[in-house]
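Two complexes come next, and they have one chain in common, subunit A, joined by subunit B in the first and subunit C in the second.
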Partner chain A sequence: MPDRAGRDRPARAVRGNVLLLTVLSLVSLAPVLVLVLTAWQPPARYPSLWAEAARGNADGNVWTTILQNTTLGRAMLTSLLLALLTGLTATGIGFVAARTIARISVRARRLIAAAAFLPVIAPPLALGIGVQVFTLRLGLGGSVTGVLLSHIVPAAGYLTLFLLGALTAYDSRMEDEARSLGARPWQVLLRITLPALRGPIVQAIALGALVSWGQVALTLIVGGGIVRTLPVELLAFVRAGDDRLGAAAAILLTVPPLLAFGLVQAGARRTGVGA
Partner chain B sequence: MSARRATANGAGFVAVALVAAPVLLGGIYSLLAALGVAGAGAATISASRIVRVLSDAETWRSLTWTLLTAATATSLATAAAVVVSVRLQESRAGRVLAMLPLAVPHVAAALAALLLLGQSGLLSRLAFAAGWVSEPAAFPVLVYDRTGISLIFAFAWKEFPFLALTGLVVLQTAGQSLHEVAQTLGADARAIFRRVTWPLLWRGMTPAVLAVFAYLIGQYEMAVLLAPSDPLPFPLLTYERISDPALNRRGEAHVLGLIALLLTIALVLLHERVRETLGGWMGGGAHDRAADDRGERYDA
Partner chain C sequence: MSAVGNGLTLRDVTVAFGPRVGLRNLSLHVAGGERVALLGPSGVGKTSLLRAIAGLDPVVAGRIDVSGRDVTQVAPERRSVVYLHQTPALFPHLSVLDNVGFPLEVRGVGRAEARERGMALLARVQLTESATRSPSGLSGGQRHRVALARALAAEPDVLLLDEPFAALDPALRAEVRDAVFAMLEAGGARGAASPTSGLGPAVLLVTHDIDEAATLASRVVVLMDSAIAQDDAPAELLARPRDVGVARFLGLPNIIEGVRDAHGLFRSALGTVRSDGSEGRAWFVSRADAILASREDRQRSAADDDARTIVCGEVVSVHDRVGGVTVRVRVRVRDRGQAPVRVGAEETVDVVAVPERGVALSPGDVVTLRVDLSRVSVTPDPIRHV
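Moving on, here comes the complex of A and B:
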């Protein structure tokens, strides 16, 4: 990438950027730091920033608190399971849907893509109260399966659009060639399509998992308060006045997306795409 | 088309239907429930639920408050995103820092705002250390307040990375060469910003800005942790109605849900219009379009 930073840029602008970077780091990091500070120690009495008896005390160790708390552990497992299954299922549906949309005429494509856009932009609560009745009818109200189905709805719409972007740039003539050489459909899929689109598919699974990971409204409405995911427990902890466990849950919620973004960034750098 | 290809297409359309159907069916169900023919307390068709919701002052207060809060937060996030994407294009550290909030789920960000801005929160404690306040009650009320300050800040914090990312992509894909041409032609930094950077940015970012606004109108979990109970934000009002012990009030939730849905669809249509008129960069033609338009509309 050509550098146009300009060696002759006035010193004032550079100073301005240093100031901007300082402000940006304060703004970006402060919320994360306050979560770590709150999770790390027992509640500190106002106006102190630190709890008096924190150090050396077993209670002062946030990991002990997290590991000893079965509610948190179970919620984490539920959330991970939902995220993984949402990512995989929504990628599957999104991939098949996007492939179909990519093959039809441009005019029809716009209409159908708009339909796929609906679940993405529908307010989660409006979506939830509409979807709830169907999960209830299926006998899945308050069950993890019901919540999973509700998470898949926005994720599949989102991933259809995401994969449509990837497929528009994808050259399917290689598939035709393989087919003309006698490859069976599953061979084409396993040997040509999936390897060629590995990057976007992995990203799609991660994105779908993230849609489910942070979901609250759909979980509450369809899960009826019975399905306890990590964000739901976070809300419960804070409502019960336990900011420390709430902050611990918030950190647990932040780490996987952070890792995912790190991986995507690293992947982008390695392949020379994007930032 | 071979039979096999047709089957594959059939499966494809089933997948497309799977994607779109839940919202369509959910919307139809909500409409029936709003008209009183489906759901709890269903009887004969009548517009009474719709009339009751639309004539309830609480609905409008809630909607106005939510729209204002979302609009203020969107403006704040957009301003921050413009500054970051213009000034920190070459700064790797700047980009990483700006992207950090993307990784923090909304509910976690809302808790952070609560712990930071609450009356006994971190800022209040720092203000105490600086000698500005002597007790929590002396610290301004920023949480659960009617002005929605903490909610606005938390919204803006969470949404600005997406807008900054959009701005950076716009400038990277379309701005590079135009910037160089302007520089070669002797434009100074201010002229480059006014005639190249800004026109590109606002065209490229408008769809994203509308998307953020639409998203914030329906945002539930941040409002639950930070918003006042009067006026109640629109998503919270909807939730309160759907879990109302009085069953016939639950139908009103569907009316509220439909209002939110219609509002979002209106914004999407506006988004499409804007994209068409601006010749959105997403279509891949940003560079050409920007070149075509050079001169005529930049000052418009």
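Moving on, here comes the complex of A and C:
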């Protein structure tokens, strides 16, 4: 309806929303855009501090350098392994914890949920030092297992809360009826609980993997520079002063999470579970 | 209670209701093939009792036998007891047919056979065309029918129905009730009886609705004050509630205070009745159809036998309901007619009656009430069970 100035208010509101969304999209996409442009820009003219990167820069093909770099390949494999194991393990821990929390009284639930979130709100540096002491005592300092443990701690906290939310919407009466219909506890878990919660569980695994995938501080503190993951190598590129290689490695770091997110969303749409 | 070889037997069962004790020392037997309704106010512990029988919650004390086997400490899946929630908890990730076949598959029946038997059950609830659909696409009534078919696929010895029709609108309620009735009459998954008992399942049904209980069950157990207040056939329960508390809970329309003398004569605003019981305050109780309202302005005559008492009053309201028309009639207890007797401070009592056939009554009409004494009862104050 036109106001006193004769302008159409709904149309104005739509224009305002479009402008707002455009600004938000630009803010979100700008870093990615900068990465892409940097990765494909001509080679730098000043000498690189990192020899291998400098060799790549010599012929100007940064992607050949990235893909032929065996250190980077190993780092990527380590990152993938850590992400996968973190996603699976933290989901398992988060699922059990969330189920336990969901069954207790509301007051106790709040308290324990807050405790589960503690590793998430603690600064990574503080958490890292705590976990480092723990892993050193276990003799796992500087090992992939130690780094894995350090990634699982915050991921399990996130996922406990995430799965607690999913379990709130889950109809646990199904489990009662399944038992009453003759299903044993393991049959209830495999045939009712897990399939009914498939969407949230897959999302939790992806979320846990993402927590590990982007982890730098904990990896450096607990891994002591011995365990090399993709973010750690990326940091090395940046410290070496090669923006092109850094940007290319950053794109490499961004693609798997985007793929995982897309697959999870597609799966949720297809099955209608957890969408 | 005698030992029984089939059905469900509770012996001195005590169950918790939240942090407190819900029902105490409850003893009850439901024979195989028998249908018993549990009726009681909210919070008395009806659902807690069903969950305890199903093994989903522990009992505080007592023993539960199913088909002569003590199952008090047995896991839910090994009790042969199926518990159905008020709103069916169908498995959303399984098709309708797979839902019905679920109890068979978890017992080791092959998938093909489970599906075949599932289809037979779906045919009995007229849902074969929905076999491949997701439960989320079903209406409320269809979901109930699938849940029932699934329950019977388990061929239980005991079937527990927790307010199975409460969440349905009246039209669907009738549809589902008929389906339940037909299924229970026909027997279990194979169209026959439970393999253990040789009869159909013993059915324990929780409801708030006495009409529903009377329709589906051959016995109604009223739970009040943590115990069984009355266990009777529906007609007997409505005609002779054990005490005024039960009568009030059942919603009997006429509950009128009176006095019983030392000679066993009970006097109230609706006349004098001979009744057994102790001297003092008691209550006249009846359904509406035990009292007939007519325009006839007459006193007792030779045509009236001893089984009737007559009082006069004024119509205060007319209620046109699905079950028929009733009128609320105000009787002045100070009148010196045939019967009115004043008990307490009230000067009038309201009586709910049925108009004589063909008589249309309106508020303000003066009517004669004829009370069929064979269909009324005199009942004491609430009996405390604790």
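The rule is short, and it goes like this: the second predicted complex is superposed on the first by the 212 of 275 C-alpha atoms of A that agree within 3 Å, B and C clash if a C-alpha of one lies under 4 Å from a C-alpha of the other, contacts with A are read in each partner's own complex, and residues count from 1 in each chain.
Assume contacts are C-beta pairs under 8 Å (C-beta built on N, C-alpha and C of every residue); 3 or more make two chains touch, one makes a residue touch a chain.
Computed from a prediction, not measured in an experiment: that's the story for all the values here.
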In the overlay, answer first, second, both or neither for which of subunit B and subunit C A:Ala11 touches. neither
Partner contacting more residues of subunit A (subunit B vs subunit C): B
Now for A:Ile192: first (subunit B), second (subunit C), both, or neither, which partner does it touch? second
Touching partner for A:Met174 - first (subunit B), second (subunit C), both, neither: second
Name the contact category of A:Val106: first (subunit B only), second (subunit C only), both, or neither. neither
State whether A:Thr254 touches subunit B only (first), subunit C only (second), both chains, or neither. first
Pick one for A:Ala183: touches subunit B only (first), subunit C only (second), both, or neither. second
Which bits of subunit C are touching subunit A when the two form their complex? 51, 54-56, 75-77, 81-85, 89-93, 102-103, 106-107, 150-151, 153-154
Going by the contact rule set out above, which residues of subunit B touch subunit A in the complex? 4, 8-9, 11-13, 15-16, 18-20, 22-27, 29-30, 38-39, 83-84, 87-88, 90-91, 93-95, 97-109, 111-116, 120-122, 124-126, 128-129, 136, 157, 168, 176, 179-180, 211, 214-215, 217-218, 220-221, 224-225, 235, 238-239, 242, 253-254, 257-258, 260-261, 264-265, 267-268
Could you list, by residue number, the parts of subunit A that touch subunit B in their complex? 2-5, 16-17, 20-21, 24-25, 27-32, 34-35, 37-38, 46-49, 93-94, 96-97, 99-101, 103, 112, 114-119, 121-127, 129-134, 153, 156-157, 160, 185, 213-214, 216-217, 220-221, 231, 234-235, 238, 243, 246-247, 249-251, 253-254, 257-258, 260-261, 275
For a test of understanding, state which residues of subunit A touch subunit C in their complex under the given definition. 171, 173-174, 176-184, 187, 191-192, 195-196, 198, 273
